[in-house]
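I have placed the structure first, in the form of structure tokens, so that the comments after it can refer back to it.
Chain naming follows the written order as A, B, C, D, E, F, G, H, I and J, and within any one chain the residues start at number 1.
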Amino acid sequence: MPSQPTKDLETFENPTPTRDFQIHIEIPEFTCLCPKTGQPDFATLFLDYIPDQKCVELKSLKLYIWSFRNEGHFHEAVTNRILDDLVRATEPRFMRLTAKFYVRGGIFTNVVAEHRKAGWQPQPRVELAEFAPQSNTRG
Amino acid sequence: MPSQPTKDLETFENPTPTRDFQIHIEIPEFTCLCPKTGQPDFATLFLDYIPDQKCVELKSLKLYIWSFRNEGHFHEAVTNRILDDLVRATEPRFMRLTAKFYVRGGIFTNVVAEHRKAGWQPQPRVELAEFAPQSNTRG
Amino acid sequence: MPSQPTKDLETFENPTPTRDFQIHIEIPEFTCLCPKTGQPDFATLFLDYIPDQKCVELKSLKLYIWSFRNEGHFHEAVTNRILDDLVRATEPRFMRLTAKFYVRGGIFTNVVAEHRKAGWQPQPRVELAEFAPQSNTRG
Amino acid sequence: MPSQPTKDLETFENPTPTRDFQIHIEIPEFTCLCPKTGQPDFATLFLDYIPDQKCVELKSLKLYIWSFRNEGHFHEAVTNRILDDLVRATEPRFMRLTAKFYVRGGIFTNVVAEHRKAGWQPQPRVELAEFAPQSNTRG
Amino acid sequence: MPSQPTKDLETFENPTPTRDFQIHIEIPEFTCLCPKTGQPDFATLFLDYIPDQKCVELKSLKLYIWSFRNEGHFHEAVTNRILDDLVRATEPRFMRLTAKFYVRGGIFTNVVAEHRKAGWQPQPRVELAEFAPQSNTRG
Amino acid sequence: MPSQPTKDLETFENPTPTRDFQIHIEIPEFTCLCPKTGQPDFATLFLDYIPDQKCVELKSLKLYIWSFRNEGHFHEAVTNRILDDLVRATEPRFMRLTAKFYVRGGIFTNVVAEHRKAGWQPQPRVELAEFAPQSNTRG
Amino acid sequence: MPSQPTKDLETFENPTPTRDFQIHIEIPEFTCLCPKTGQPDFATLFLDYIPDQKCVELKSLKLYIWSFRNEGHFHEAVTNRILDDLVRATEPRFMRLTAKFYVRGGIFTNVVAEHRKAGWQPQPRVELAEFAPQSNTRG
Amino acid sequence: MPSQPTKDLETFENPTPTRDFQIHIEIPEFTCLCPKTGQPDFATLFLDYIPDQKCVELKSLKLYIWSFRNEGHFHEAVTNRILDDLVRATEPRFMRLTAKFYVRGGIFTNVVAEHRKAGWQPQPRVELAEFAPQSNTRG
Amino acid sequence: MPSQPTKDLETFENPTPTRDFQIHIEIPEFTCLCPKTGQPDFATLFLDYIPDQKCVELKSLKLYIWSFRNEGHFHEAVTNRILDDLVRATEPRFMRLTAKFYVRGGIFTNVVAEHRKAGWQPQPRVELAEFAPQSNTRG
Amino acid sequence: MPSQPTKDLETFENPTPTRDFQIHIEIPEFTCLCPKTGQPDFATLFLDYIPDQKCVELKSLKLYIWSFRNEGHFHEAVTNRILDDLVRATEPRFMRLTAKFYVRGGIFTNVVAEHRKAGWQPQPRVELAEFAPQSNTRG
């Protein structure tokens, strides 16, 4: 039986809730409609979160993203809406959603929104040297 | 009826004023005139802001940018002027404007200015690992 | 006698335990199986650590990575498991593991987890200007 | 009448002294002589400053840079000398000069020096998400 | 008379000891031998330091690097050894050495070590907007 | 009255039919459905053609692309179909269509098809030196 | 019922056999074993072909690639073997296979092999100007 | 007396007419108006030519480009028009003009046109190995 | 027993001599001495060949490259020498060697030499569309 | 005794005149004066040649380049002049000189000129697959 788009977001149990760890997800296939003109809009979404007791299940995330395909949404509102839905489903310690919309009228627009669980504090960041991947024989 | 350049900046209501979120806008089509020589100048503008009650409407932003096409302005002054106009129109919690002017005399000049609403404080930043887009099968 | 995959991680003595220093290791050849479908999964691992008394030996690290080849593991769980194994073997002052999994279902997933030795504090970072390698005749 | 190289640095009045804002200038055409061998040396200079009452005028900056063409200078000393001259001319709130010298003997050398006005404090930085220019249809 | 490899590191007097400034040096031509197999190893070294009274002289640095060509050294140990030698010669306020070793066994290894002079404190960093070189007509 | 998706392709008269010249068009917003599963597929299309008497009008091209949004198509077939439609509408001297489909099952697929007008011959290509844009001060 | 690795390659009918068109496929997840040491080897495969009557089906291609996971093969031989299998299954007008093997012993090896159907001739190539994707607002 | 925009193109005598040589010119500051809407359009122009007896003078080329600022032109027509003007002024052996227009309606359009002097034949190209600039210490 | 540098080049039998195929090898770890000054020189070598009956064995190639470590050689001569040695050992249908030497005196030098077997003719090249790896969701 | 700038170009004997091979040289440190204004001009030179009996000696090439530092030259003329001087000194089978001048007036100019020895014919080029350096673990 083929999959259907759905607003239901499935979750699974965090395998290591004893530790704050980061999950980074990129979704290049978001599309919805412009509420004014009905024309298609496109964006790439970047989701970063620190799970608490639940992680978002990827198959259901894909169907959830699909569910926006025939709906009308403004850029700023849909970014906040998706963040709200993901927060409600996973109740994370921290979540940040970045939406990069395709150029319109010669102007490029991105929106970034985030949520923090009440009382949660990030550990102070340990800053390390950073390296480009596989750079070792390239100087 | 065709659009006309204008210094009026339209706004719309922030859909999620309960949350500090960031809007990033790139405008590669800025041009004005050099006040000394009358020759055209070019720049790409990068606007980042955290809205309070109002967001800038993109169509009117485009017409506003167009309105500089036949005016004379110095680099440092016009960057601060555009920031002032955008702050007056949207009264944001935070706004930063970056102008990258095309090379002149073999020298490259950029200008960066920002505004903070009185009494507004940014939340402490949660630093996460960052990734190049779609890098997952590239090492 | 050819090498065999193994979960044993060999270590050697830290040559300069008097100083906090960083070791950065990239492992582009991680593969295991999906526990649901049995199909192969792939990832590139990035390991950063500050050793205490022991450093991980690279040949044994390679055989350890090989040992996952025919085992079933979920993304979030295997990243935390490898970090746990490396922490148990080397008891480092600090360790961070980043796993970048190959794209699945059009969605890209990375996982980042880290461990800090109880009582260890990083020195405040000295922030310096940073440069792209060999950029000196490239402007 | 053609321009001549000169150590005089002209300034103009800061159009917005009420605000700390940043001016970034790149000068890829610096050349002087090695004081030991008399052979030409080359560098790209990067100047960042926060003006107080005066901004450096670009035409005069170009003639100032030209004035080093036939003079002998060591790398570390000339970087500090140019910073000192620019500070004396503009009395900025903050100024940083970065000199990237062309490769010599297979070794690449950069020098970075900065000046802060007594009593001046930078505002705490508002950290925002950053984006590569025009990346919106590239993920 | 041709130059010879040597462990002697020459220095010259810091031209501006009144100011904390950064010197960044890249050395892509480091090679030594593996102490186990005798086979050649290769690395690119990145040296950053804030001089106190002495700067390292580049010609002698080149001969010093050459002196490792026929010696056996482990990655982690030789990075710390070179840092120790440079610290002894220049007694800097701060020094950081990064060694990026060529890939071995499909695994990439970098080592980063640093030294701070007792009692020295870095000035709080002034964070500025950063720009890719010559990006002004590229958006 | 808002625009509607349509399979009609409008054309306009070639302004310079006396000369073979090339028009290159990129369309990053193609999406249709998988005929087997009904799930959305995505591609970026690259169109290159040498017009004869007619050029394709961009607004109608956009509506034509939109018309595939709710239709099921296989990769190889839809690329050939779009080429056929564009050839029928514009009757070009030469046309090449490249479709880069988003990754599926860890495998990346592109399709390239082209059409030549009967009897048309390209002029022998004049090969020139090629340069990266704005590279002149970058070495 | 889960999928199994298999050497069977499924095909489907070419939708447009009247035209020479190119299919480009990238397979970053190839792994087999070294026949001497039994250790894992990795490669990315790039397949380009001009179909005749049959196209290779992607799901079966994936299972075919998987079937090498536990087999021992030399670099040069396995590249020619995979090309031979694909040619036998699809009988294409033209096929080129490129295998980029991960670095071994500090040395990087790629292998490129191709097959042409007897009597098939490529049309003379129409050389066009080429462009980096979405470069239009980047100079 | 300040410069004025003009359609006059000045030339100077080719210093080496005995040899076919190539001049490559990039003009990132082209702007005109859309003839339908009156809104500004932008493009970067790339000009390549092999001069015969005359070369185009750069100052006059700049004023010529400026002269389009307040005129309405379609993409395909203006590219051919500029080529025609340059050919009339310089009567080159060969000339190619590439116009990369900024994105409109989510679609990117480039136009390439060229002219060959009657009877002129390019020498057969000597194909050499090509290298990225300053790549010698980068692998 | 550890390996030793040697000028002996081992070969193995070409697994598919019935077909012209290309082997591409990169060797970033070449070093020898300057015959004038005795100082170390460095280069990256790129070897491309179409084998006839023999392929070069990689372990012996590595030891061969090592054997130059303590010998004096000029750039142009050593490139031709290595090509001659490889041709003598493998008697290929075609071989090209590219040597990219590290910068000396501010000047970058590469050398490219090739050998063709008497009577061997390359098949006419089938020119296909080319793609950057994994570019499918990158526009 | 320090070196002096000179128009003398030294040569050495081609070590392998029996073979057509290519020497590629990059010279990022060219500077001369504008003959109209006396202001400094800068360029990067790229020299490619196939030697006959003589190769250009790099130290003398460096002093030759230095000799233009205080001379006035136009872009198109100086490129042809340097090519003429190099041809006279080395009498090569083939030589190509590319000069990339720094941006002037917002316009970028490159000049490419070449020389072929009378009666010399290049061998037909063997076209091979090309690869980005060290790309093997990057997909």
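Rule of thumb we're sticking to: a contact is a pair of C-beta atoms (placed from the backbone, for glycine too) under 8 Å apart; a residue touches a chain by one contact, two chains touch by 3 or more.
All values reported here derive from a predicted model rather than from experimental measurement.
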Centroid comparison with chain J (C-alpha atoms), farthest chain: A
Homomeric contact chain D-chain I: same or different residue positions, threshold half: same
Chain G onto chain H, rotation angle from CA fit, given as a multiple of 5 degrees: 145
Gap in Å, rounded to a whole number, between the CA centres of chain I and chain E: 31
Chain centre separation (chain G, chain J; CA means) in Å: 40
Multi-partner residues of chain I (each touching 2 or more other chains): 22, 24, 26, 28-29, 42, 44, 102-104, 106, 108-110, 112, 128-129, 131, 133-139
Of chain I, residues touching chain G in the complex: 14-16, 19, 21-29, 51, 55, 58-59, 61-62, 123, 126-129, 131, 133-136, 138-139
Chain I residues touching chain J - in the complex, by the definition given at the top: 22, 24, 26, 28, 44, 46, 48, 74, 76-77, 79-80, 94, 96, 104-116, 122, 125, 133-134
Residue ranges of chain F touching chain C (in the complex, touch as defined): 42, 102-104, 106, 137-139
Residue ranges of chain B touching chain C (in the complex, touch as defined): 128-129, 131, 134-137, 139
In the complex with chain A, residue positions of chain F that touch it: 2-3, 28-29, 31, 37-40, 42, 66, 69, 102
